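Single-structure report; data block below.
Letters A, B, C and D name the chains as they come in the text, with residue numbers starting at 1 for each one.
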Amino acid sequence: MHDIAILGAGRIGRIHAKNVASQPGLRLKYVVDPVAAAADGLAGETGASVADLETALNDPAVAGVIVASSTDTHLDYSLKAIAAGKAVFCEKPIDQDLARARSASGELGGKGVKLFLGFNRRFDPNFQGLKARLSAGVVGALETVHITSHDPAPPPVSYVKVSGGLFKDMTIHDFDMARWLLDEPVSEVFAAASCLVDPAIGEAGDVDTAKILLRTASGKICMISNSRRSGYGYDQRIEAFGSKGLVRADNVMESTVSIWGENGAASDAFQNFFLDRYAEAYRREMAHFAEIIRGEALPSVGYVDGVEALALAEAAGLSAKTGQVVKL
Amino acid sequence: MHDIAILGAGRIGRIHAKNVASQPGLRLKYVVDPVAAAADGLAGETGASVADLETALNDPAVAGVIVASSTDTHLDYSLKAIAAGKAVFCEKPIDQDLARARSASGELGGKGVKLFLGFNRRFDPNFQGLKARLSAGVVGALETVHITSHDPAPPPVSYVKVSGGLFKDMTIHDFDMARWLLDEPVSEVFAAASCLVDPAIGEAGDVDTAKILLRTASGKICMISNSRRSGYGYDQRIEAFGSKGLVRADNVMESTVSIWGENGAASDAFQNFFLDRYAEAYRREMAHFAEIIRGEALPSVGYVDGVEALALAEAAGLSAKTGQVVKL
Amino acid sequence: MHDIAILGAGRIGRIHAKNVASQPGLRLKYVVDPVAAAADGLAGETGASVADLETALNDPAVAGVIVASSTDTHLDYSLKAIAAGKAVFCEKPIDQDLARARSASGELGGKGVKLFLGFNRRFDPNFQGLKARLSAGVVGALETVHITSHDPAPPPVSYVKVSGGLFKDMTIHDFDMARWLLDEPVSEVFAAASCLVDPAIGEAGDVDTAKILLRTASGKICMISNSRRSGYGYDQRIEAFGSKGLVRADNVMESTVSIWGENGAASDAFQNFFLDRYAEAYRREMAHFAEIIRGEALPSVGYVDGVEALALAEAAGLSAKTGQVVKL
Amino acid sequence: MHDIAILGAGRIGRIHAKNVASQPGLRLKYVVDPVAAAADGLAGETGASVADLETALNDPAVAGVIVASSTDTHLDYSLKAIAAGKAVFCEKPIDQDLARARSASGELGGKGVKLFLGFNRRFDPNFQGLKARLSAGVVGALETVHITSHDPAPPPVSYVKVSGGLFKDMTIHDFDMARWLLDEPVSEVFAAASCLVDPAIGEAGDVDTAKILLRTASGKICMISNSRRSGYGYDQRIEAFGSKGLVRADNVMESTVSIWGENGAASDAFQNFFLDRYAEAYRREMAHFAEIIRGEALPSVGYVDGVEALALAEAAGLSAKTGQVVKL
């Protein structure tokens, strides 16, 4: 049985805390959160203790640390936890600033570093199924990819202002998916972006709608479509075009119920957002973290992936601003 | 070029007349209909002449006769046209009365008789595709079949009264499909029937909702579901369960358009009724009739099929009335 | 926190034991199983103790008993547990013998008896969604129902011999679904049954393929389709036809992945069997059992439902044997 | 009855000729083709006469001319036919050279000019249905569009060499769809293009794979995906994202047949290419041409649309070559 400390008792921290509980071999020992009520609440529900960061990191029984605190602390806490000899499960992004993120390369960039970066989509059963077919050559050699990633509804502008912008906050996931699927470096980035959903987002200096094209040296092309608002729930789809055919992963509905009426067939609603769609992905993340702690696996996604996705986000931001292609 | 006479210028007659026009090698010469306005109208549209039955049958240039007149004339006109040496394309049913239909067995039941009975569903591309997979053994040996056949809305009670009843008017098509797919004689019939759609249908002595089970000597089972009203258009589906899997033919929508909204995905409307759903089937029927006229094929469905389907309809009616299984 | 004893540490017992663990407010205290290795194994995994039946029933801390032992013990254990003042979650069926089941009506048939019968399908999110739409009148008044329930592959003949036969072992679930959806008593049963899957099943005196028609006094009709082998996984579908349209619950696939190739679009596999398809149903069953223990709800399905489903199974068996309709 | 002359008796000419025959009010009088065998063959099948261009244009009975000859003759023949007072149905593209196409603006660019340009996709029932929903505001205000347009297999390199290149030969259709759906001028074009399908296409100086982004002044964005080879038939899909939801038009399968087996559900094949997919679109084009001839409608798509689509194709070609965004 390995003890775990969780940093951050917010929405995503609570999900991870519950998944620790149901993961054989892991036990939640500490909840660390500057908001006492949040820490107390989660500790009470899980039987863990509230602690401060030092206590958690100094306890030799703690084998793993989950960094689910605010984005600006991700890098710092990860560095401290790694320095303390803990395995780390850090929520994305590793940081909002590319230069700062890169500066930790000495401590975090090594092959054996047990820093697992929580790009949840890599653990979604649908996307894992798609990736497995691609790797097995079911559709031949990969040529191009379409990633559709639209949120159900825009966040409050207050969030947008501290989010790092669409590309670092939202597309960051899609950049990671693109890197995972393309499996070779991106050499060109072009982003066409607009503010069509909420003028307040534009006034805050951000965009809410974008299509991004990524191109690799060998000519593979990936298109990413983003919108802060779909009107129909969480739109999370991938199409990968290969030399022999297409492999797709589609959206997930609430159930298989449908109604047939005079206007045709109507499905059940689309799953609304990430808590539903990626519930199983979060469970699989925790299973992977348990493997890392037990020394059975190295992180399948880590610091370097975080930095590279961030680099693509910065390039996309630059392209959207200048209207020009950005070469990497 | 072969000349054709059509008997009956009503809804179904008009469809066949147009398909004659577009069928290479056929030419519509005569339209026969006691309603002068109908005959004149169709003749005017197609360039054919209005004639009486004798003229049409005595004209040696006429190679084929299409019997699309009222049901009570089907058998008589078919007999006359066969006697006159014409190939015959007779709309279903061959007759509403089983004994009378059987009495024509000497004239119409022979192998070489050129009487093509228009069971249109055998010519639907979807059902033909299903049958082809079954015959090719794609799902192994056939075990059971589900035929769903619901009309969009009930006909007027005036029609119901002369229709011969649900089993002879509507299920007759499904009995033919069952015979075609089961490919062995039905030995038991059980029908559970109700009047749920329109009480006036019940008052007229008929039912509007039924599930029928057919069983063959070898144990194959077919379920037929009928309703005079679906609420969502024409429901025409088949599922055939085999030893290795299932082959299905589904309904057809107006288009591939769908709308995704907060309540889920909504398709376009289902095709509403047989004129849409079986448009291609009617064209393929005419192509088959042209083959028969040219001597390239014998009727793939004919008098015997009409009689056998009628026998199943009578058995179902008896079962529904007595509440007992009917053995054949 | 309420303590639970589980009787039976086999496949289904293990599922329930894990769901007790993840259900807030419930704690597994005892595992009872005559097979010591099974009891020890499950106790070890869950932290519960191995005990005999008397110990479990005599412990006043035990609030609920889960009867997941062999079918022939269901009724006896349920009676004992109820007598001991425990809430009971009994796996289906209540018994294989209708007369014996009925004989417990005094002890188990009362309104307030806390006997929850585990008809899992009532807790499947898809079927619950379908039922909710029906109850809300989304498709108008219910007229007829199609229940398709095919297993992926037949069980060993040794199991078939002690199973009580297809209707009591397999269709029992569908009879319960039919009762739940029709919401009025069935007055007529007709079953057409065959042995098409495995001749050894026929030699054992059972059937492996059946279509059953149920009819209510008001004329509603339900068709149940059963096969011991589908060739494509677990086929668990319902279509409910109403006066305004159709509501369906479809099968569940392993994922939303599909492959497009020269032969068309190919989905991922169908979920193979009940452990996958009804995993969420089992969780919801346990949540309901927790409500019952806490006194927040009476069993939504119980002894009477078990007896009535068994009565339909006996009627279907009689109908299949005599070839006649059975009136209830 | 209006007489029609068709210029070009190749594959597309033959389709149009047959649609003239089945269009009430139109009659094919002349077939013009320098290849005598082709002209004779089509004339024989349709009952038309072989003629030279002058005869056809000088015959006052000829009301309409269909230009289905080789691409380099489209502009010249259209000019001559318009000058002769005929209504013209010109196959796309109007020309391969933008400057030359623009030079005809005086003769062809006027509002009342009866030049109908055959962008067939505007007449596809699926895309018309999508456009109708957009126009009706079913998904709110249009924001972005995805057009997927992949051919089943690459053409011979000999064709590629004279095709004008991917953007003018293939994407030209998609540019027209984009213009039709966006309904406002495109201000920026970026194309990422590769040669991934057939190296010989690259050696011929062309690309076979491309993703193109179009942006309008108001910020609407359209993505076009092209490949010369899909591996699964003709991929012709559109997704239009609006402020309230998504409207899609999907591919069309050969039939509604599907097979359920141990690997899941397999549909029938996708329709393979444009002759199948756009058969109904060609019929609707001819119905529109008949309206134009009868003076009941002006061309819904004409010379200006051809020039504008060509301008987008040139811009895309430039962008692909320079790797930079092209502003219009």
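Here is the rule we go by: contacts are C-beta pairs under 8 Å (C-beta built on N, C-alpha and C of every residue); 3 or more make two chains touch, one makes a residue touch a chain.
Bear in mind the structure is a predicted one, so any value in this text is a computation, not a measurement.
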Next on the checklist: If I average the CA coordinates per chain, which chain comes out farthest from chain A?
Outcome noted: B
Checklist outcome for this item: Of B-C and A-B, the pair joined by more C-beta contact pairs is B-C
Checklist entry - In angstrom, rounded to a whole number, how far apart do the mean CA points of chain A and chain B lie? => result 57
Item to check | Geometric centre distance via CA averages, chain C-chain B, whole Å | outcome: 42
Next on the checklist: Residues touching two or more other chains, restricted to chain C: which are they?
Outcome noted: 139, 230-232, 235, 244-246, 254, 260-262, 268
Checklist entry - Which positions of chain A touch chain B when the two form their complex? => result 230-233, 253-254, 260-270
Checklist entry - Can you list the residues on chain A that touch chain D in the complex? => result 139-140, 143-144, 146, 148, 150, 188, 190, 192, 194-197, 209-211, 213, 215, 219-221, 223, 225, 227, 229-232, 235, 241-246, 323-325
Item to check | Complex contact set, residues of chain A against chain C | outcome: 22, 125-126, 129-130, 133, 138-139, 244-252, 254-262, 268
